[in-house]
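Sharing a structure, written as structure tokens. Questions coming.
Chain lettering (A, B, C, D and E) follows the sequence in which the chains are written, and residue indices restart at 1 in each chain.
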Amino acid sequence: MRILWFVLSPLMALAVGLFFLGLSRRFMARIQWRVGPPLYQPLIDILRQFTQKSVSHGPLFDLGVVLSLASSFIVVLFMPLGGTAPLSSSGGLLAVLYLMLLGPLGIALSGGEAANPNVSIGISRKLILAVGYEVPFLMIVLALMTYYGTISIGEIVAAQRESASAIASFPLVFSGIAYLLILPAMLGVRPFEVVGAAQEISSGPAAEYGGPYLALATIQHGLTMFIGISLFVNLLWGGASNPVVFFLKMLVVFAFGFWVNAAFPRLRVEQAVRYLWRWPTLIAFVGLILVATIGR
Amino acid sequence: MSFLHDYVYYIGAFGLVAIGLLIILVKRNLIKLIIGLSILDTGVNMFLISVGYIRRGTAPIFSRPGLEPDGMVDPVPQALVLTAIVIGVAILALALALAVRFYKTYGTLDLRKAKELRW
Amino acid sequence: MRATVGLILLAVIGVGVGISLLAIPFGAPKTEIGDYYIENAREDTGATNVVTSVVVGYRAFDTLGEVTVLFVAALGLGAVLATAGGKRGRSGVEPASLILSAGNIFLFPLILLFGAYIFTHGHLTPGGGFQGGAVIASAFLLVYLSSPGKRINESGASLTESVSGLVFVAIGLLGLTHGTHYFLANFLPKGALNTLFSAGIIPVIYCAIGLKVGSELAGVVDNLMEETE
Amino acid sequence: MVSPVLLLAVPLGLALCVPLVGRVSRRAAGFVPVIASLFNLVVSIRLLPTVLEEPIVANLGGFPPPFGITLFAGPVGMLLSALIALAGLVVSLYALSYIKTGPTVRYHTLYMLLLVGATGVVLTGDVFNLFVFFEILCISSYALVAYVGDRAGIEASVKYLIQGALGSALLLIGIGLLYGLFGTLNMADIAARIDSVDSVPVFVAMALIVVGLGVEAAIFPLNAWLPDAHSSAPSSISAILSGIAIQVGLYAVVRMVFTVFGASSVLLFFVFLGLLTLLIGELCAFAQNNIKRMLAYSSIGQMGLIMFALAIATTGSVTGGLFQMVSHTLSKALLFLAVGYMVYRSGSLEISSLEGMGRRMPLTSFAFTIGVFSLVGLPPFIGFPSKLLIVRSALAEQGVLLQVLIGLVLLATVIEGAYFFRVIQTVYFKKEEGQEARQDAPPMALLSMFVFVAFIVVIGVYPNLITDVLESGASELLERANYIGSVLG
Amino acid sequence: MSLGLLLIVAFGGSLLTYLLGKVSARTRDAFAVLISLALVVMVASLYGKAFRVPFYGGFLGMPLVLRIDGLSWLFAIAASVLGCLSVVFSLGYMKGKERTSFYYSMLLLVIAAMLGVVLSGDLLSLFIFWEIMSWSTFLLISYNGGPALAAGMKYFVMSFVGSLAMLAGVLTLHGSFGTLEFTGVAAGMSSASPGYVLAILVLFGVAFGTKNAIWPFHAWLPPAHSEAPSPFSAVLSGILIKMGVYGFLLLMFVIVGLRTFLSLGVGRIEFHTVLSIIGAITILLPTFIAIFQNDAKRLLAWSTVAQAGYIILGISFGTSLSVAGGMFHFLNHAVFKALLFMVVGAVEYRTNGVRDLDSLGGLIKRMPVTFIVAVIGVCGLIGVPLTNGFVSKWLIYKTLILERSPFLAFAALFGTWGTILYSYKFLHNIFLGQLPQRYEDMERAPFTMLLPMTILSVVVVLFGVLPGIPLAVIDTIGVSFGFESLHVTPWGIASDTGALNTVNMLVAALVGLVVVWCVFRSGARSVSVGQADSYAAGAAVPRDKYQYSVRFYAPLRRMMAPYLKDFVDSFYMRLAGWVRGLGDGLRRIYTGYVGDYVMYILVFLAVLIFVQIAWSPW
């Protein structure tokens, strides 16, 4: 069974991630009174890009993007997607926290070798933005781990299965709300898309990418979305007993998280950080304090 | 007036000491300072002598055989003073030599002008 | 301002010293030590001048130090003045008057003789090496005043100085090896009281001191005279 | 027969010989102090074991105390006289090459007399005799400070002389009072009778004596001459003044206060005074740009530390204080010797002028560094065990007060370390534009510096070599009754 | 193998190195390497031994003893290995510099002193070696001159304050118990009053904390690390400051004892919690200061402060996991921070001393191997899984979370995100981006530099994949402190509340990489082009103008700068200014006019007499 999940969960993540990418484009289009592309458009794009020739700037340029995608897949392996996670005993949530940052880091290294100023700017923004949302995110995760007394995702899911899901229980509701508020920033969607601002800095980190590179980067982006949302489902919404329910829950979260923020205009990176450090942080902080003082 | 009578030598001695100290304290001229030191020394020597004095005593010298030791003053302070005087002279001599050099170097004897070494 | 503060300070110190002086009544009988010296000086040292017996006998070590102090001062004075840039000849000094120079011819030997008398009789009469030495030095001062061009024989003076000082020390060391085996012990025969050749080492030491002090003071005067131009 | 009096008589005799030798050869005159110091060193060390068992009391002229003058050669006296002889020996070796110009014969004579004076002060057992030797020490210092004859030397010497002469006058008044009160001049005799008189007169006498001696001992408000004199004198003399003269002054104060007056109730005052001296010395040194002046202020600080340690008056602390005396003598003398040639080569006293000395004079700089390390109290140099002892004994005392005070002492040490290490950096690590050729101090001077270095390292590693002496020295200072008993029989 | 011989070789080697330097530079180099290698071998042969040997009868009545046990072996091996690598690295780095004999001999002396510190069996010899270490370090820090002087001064003063506090502590203990040997003192401490123990802890804590640069005693570290010669920075940051960690471990768990240590406190404030909080502050503040540094070594230096915070947090938190994590992190930090300093050293060596992050860039093209080891080092620093830093940080986080200290955990985790920021900046601004024209013809780093860097980077990965190797050693030390054993497996920790299995991750990572790589290669081939070709579309781009690395995190800096001043440091500087001002004011009492001096003398005399007459204290 576990071996099966080793193969299954990356594939599921790939599919769902691409689906979310398509969905988000469509979502955006609807908000802007457009029809938008079909949902499978990202898949088509990727397949096409794989056949296109591109430029490379050196071994690291290739390796970085591979590393980025591979690490995203590994993160997926830590997630119980309506079952047990393939890598459940390898460091738990703490390892996930670390592995999540390898994705951007790989892109950053790869982009760094390209020596394109736009890339550098994009990376700088990405890292700053990450610092912005990591503050509330860490508080949320810590509140959860402290509350349940474990660092294993599987056990957090199991504990929610026994009682109520975290978002519905008292102190953790704050963490849940905070998570929803930072979700767009983690996913890099509006209004936090300043990292890859297409018009301003030519898509930032992805500026030098074309062909297979862009394909991998796109997949990586999709996986990031998948991971961000599935973490929410697992940690705060009690996970799911089978993949279908899990997918439905993710869909709801996606819609909600997207919807809340999509109407805002794009924020400059300082504004984004300032925002993230104000309300989401405050709420997450309250949650953390409550967890630390009241406990379970 | 018996107090004065009893202590007039002390008062005199310490009067000199006080004058000497005051001169050293107040005067700026090196030569005057040296004079002050000299007066101070004199006062001190006088004090030493007074300590050993015995009323109506004589010098402790048996210049004639058969002289009785009773009326003789204490010889120790005299010996001390002899030494002290010589030391005073030594200091005085050196001080004067330095004063000569001081004048040659600075063109003045005013100690306020010689404040190159400070702080 | 400074004087006022000084007076206040002196007043405080004066009160303190005054209180202490009350414990030392003026003109009171002698101390035990003084008594002891007066009683025993004649037997111990053979000198009839008790002060001398204290200075050169009981407290001879002080005297050695005292001679050294004077030596130091003379040397120091020489050192301080010598660095002024070498000696300069004395020229253009007005010669002294006839009275002075003529008197000098008479007085110089007399003064020397008087000085020598004082230090050789130090153990018998008031006086001693320092006093005699000072008198001798005054003779040289007179020479300077009367004939400004004249100089004492400096190397001779310093030779006298060193040799007489060495005699003092040597006598002290002899005391360590002879007689009672004490430094500065009076190992020579004491002789009869009230005679010139009595009191053992005292006259010898006083002669040495007299010569030493005389030459040192003369040297001091010499050095200072040179500098006054 | 080896008597402690030889320690005074022989060098004195030799000192009188110097002018005679100087007539034959000016160069040979310089070797007389070497011989005399060597003699003293040998005699002191030979006497040390004897003295440790029982102090030697030499009655001069064969008159028993209190009628004659006594020399008291206890462990402290022998230790200090050995120290004086050692420092004197090394510095006289140094002077052979350092003192080239001026009336050199007079220099050597005065230098020897200075040592005689110092030795006399530490050996004598008679108050007035103390005064006499003290004057020998002081007057020769006055003259030697002005030896170079430059503006600074003259000015410093004049100021030193005025303050010193004032001090001696006060000291003499004090001695006069003592004689008036007790009718004796023998220290032990006075000590035995000290309780027979009212406290105020005795205190006034003590105050006068402490102030008089304190001028030489560099106790805080009395030490204004020190930075001037020590910085203006020729470096060999600075070394002796800093290493020997002020310590001898302090010894005299301690001997009077401990042994003669037995003033245990005023010791706390001296603890504070020592601390104040320490802090002021170090702070002033911290703000200095003149290297020799800095060293001079540092000496003030060290004196404060020694006084602090001695005034705590436990066996441990007095041992530490004496140890610190030894370590300060060796280290500070070394520093002055090293700085002497550095300053000579650079031609300026500014610390900044020492830049690049590490390259120009590597061995001298090395010796300087060792001196600094030792003075600051870093292992494995001699300053470390001495400071260790002081701190240990102060901490062993009950009571918060001393613990707070020791904190301040340590703070002062930090300041000391700061300014000294700044100099080390200047010497070694500040770059210099024009590279000058390597030109170290002459061999004789280097030899003398490295003698100190050897002692600093050896005693630093094996402090037990001298702790026996120091401990019995401490008990000598603390046990008045023994002192009185051994002198008066 | 006797400990005395070890120290004799170490100290004697240092001296001989200097003397040999006067004869021949090549012999000296070889000898230095030989000595440092010999030390490694000797220390390694002591593995698993535990004994004590008195080596000095009585230093002022206090016997000096050497001892070895697991704890000291761990530190000794780290010190000797890093020392050896640093000496090897120096062979290239120091070529052509002046006073190399001095440098080598001081470097060996520092190593010898560190060995002495960790092998001491009593507090006095600990102190003696500690001081030798301090002053030799001072000399090495000042070695470069210029700004290094101020750095050295700051180091010396702070370290001296620390060691004097330690001296006071040592001597207080001696006064109380009459012995200074660890076992004796520990026996005495077990019956001492809590206030006493606390005072001792604070006194020693100042010393160890200063050496370990925990807030607020960190001010010396950034300038010192950045101005020292780079191979020595590696030693300094890698192992020397860890002597503070050693001290803390010794003090807390050997001398004071685990139980006493954890129960110590004033009222409800527990001492070890306070220390943990200080550790947390030490993580956060310096991390964010590091982000905005433009000097590569200064950036690493601030990072060192922050990482020291992790270690202190770990060991003072006082659970078996956290202490093991702290110790492991010490080891890891030694490895990767030394590696990173060597990287900067290599860059400096090739660029003639440039380490300004704004003027470097693109060196990946010229120094690829250096870049690879730098990436590995940075990964270790961040704590990327499969590097050693991950395991140690994981241990610390886990225990903090499980022991319900989320705020400390937050500090630790958030610090890691800061670490990512500055680490990336470090990599990017040196190696990535555009290569400035002037470095076009630069050569690779020489072999003597690459060798130690490669060894260290291998260790980073090895300890990351098989953390069980060092953890087994650490676990035995922990057990000797009285902690319960961790269940160490070769690839991690077995535990109910979240296990660690690095081999799983390794397999997953390899598979993932291979798969993605294959997928990637299955796509269309790419053409390798230079920057000008794609970015500027072939136009002639003025070089050096299209480099975005200056003010890398400008937006963040605008936000945070006002809060990130190093208040502590400016306080110290002001304090130093005050002291100098005080000294400057005080010395005005020496006016130069002799009348005033006479006045002082008389005032003193008058005051003495007045006090006696008025109050008669005597």
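In this section, a residue touches a chain if its C-beta (ideal position, glycine included) is under 8 Å from a C-beta of that chain, and two chains touch if they have at least 3 such contacts.
Worth saying up front: this structure is predicted, and the values here are computed from it rather than measured.
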Quiz prompt | Those chains which touch chain D and also touch chain A | solution = E
Practice problem: Could you tell me the least number of steps, going only between chains that touch, from chain A to chain C? | Solution: 2
Practice problem: Please flag the chain sitting at the greatest distance from chain D, going by CA centroids. | Solution: A
Quiz prompt | Busiest interface, counted in C-beta pairs | solution = A-E
Self-check item: Chain at maximum distance from chain E, centres defined as averaged CA atoms
Solution: C
Quiz prompt | Inter-centroid spacing, chain B versus chain A (mean Cα positions, whole Å) | solution = 99
Quiz item: Taking each chain's centre as the mean of its CA atoms, how far is chain D from chain E in angstrom?
Solution: 43
Exercise. Could you grab the centroid distance between chain C and chain D? Build each centroid from C-alpha atoms only and quote it in angstrom.
Key: 30
Quiz item: Any idea how many Å lie between the Cα centroids of chain B and chain E?
Solution: 68
Quiz item: Could you say which residues in chain C touch two or more other chains, in rising order?
Solution: 2, 6, 10, 16-17, 19, 21, 24, 31, 33-34, 37, 59, 62, 65-66, 69, 72-73, 76-77, 80, 83-84
Practice problem: Please set out, as single numbers or ranges, the residues of chain D touching at least two other chains. | Solution: 128, 132, 135, 139, 142-143, 146, 149, 157-159, 162, 166, 173, 179-180, 185, 200, 204, 207-208, 227, 284, 287
Practice problem: Quick one: which residues in chain A touch 2 or more of the other chains? | Solution: none
Self-check item: Pairs of chains in contact (touch as defined earlier), listed by label
Solution: A-E, B-C, B-D, B-E, C-D, C-E, D-E
Quiz item: Which positions of chain D touch chain B when the two form their complex?
Solution: 128, 132, 135, 139, 142-143, 146, 149, 151-152, 154-159, 161-162, 165-166, 168-169, 172-173, 175-176, 179-180, 185, 227-228, 231-232, 284, 287
Exercise. Show which residues of chain D lie in contact with chain C when the two form their complex.
Key: 1, 3, 5-6, 9-10, 12-13, 15-17, 19-20, 23, 58-63, 66-69, 102-103, 106-107, 109-110, 113, 116-117, 120, 126, 128-129, 132-133, 135-136, 139-140, 142-144, 146-149, 157, 173, 177, 179-181, 183-185, 197-198, 200-202, 204-205, 207-208
Exercise. Would you tell me which residues of chain C are touching chain D in their complex?
Key: 16-17, 19-24, 31-34, 36-37, 44, 57-62, 64-66, 68-69, 71-73, 75-80, 82-84, 155, 158-159, 161-163, 165-166, 169-170, 172-173, 175-176, 180-186
Self-check item: chain B partner contacts - residues on chain E that touch it in the complex
Solution: 587-588, 590-595, 598-599, 602
Self-check item: Contact footprint of chain C on chain B as seen in their complex
Solution: 6-7, 9-10, 14, 18, 21-22, 25-26, 50-55, 59-65, 69, 72-76, 78-79, 82-83, 85-87, 89-91, 93-94, 96-98, 100-101, 104
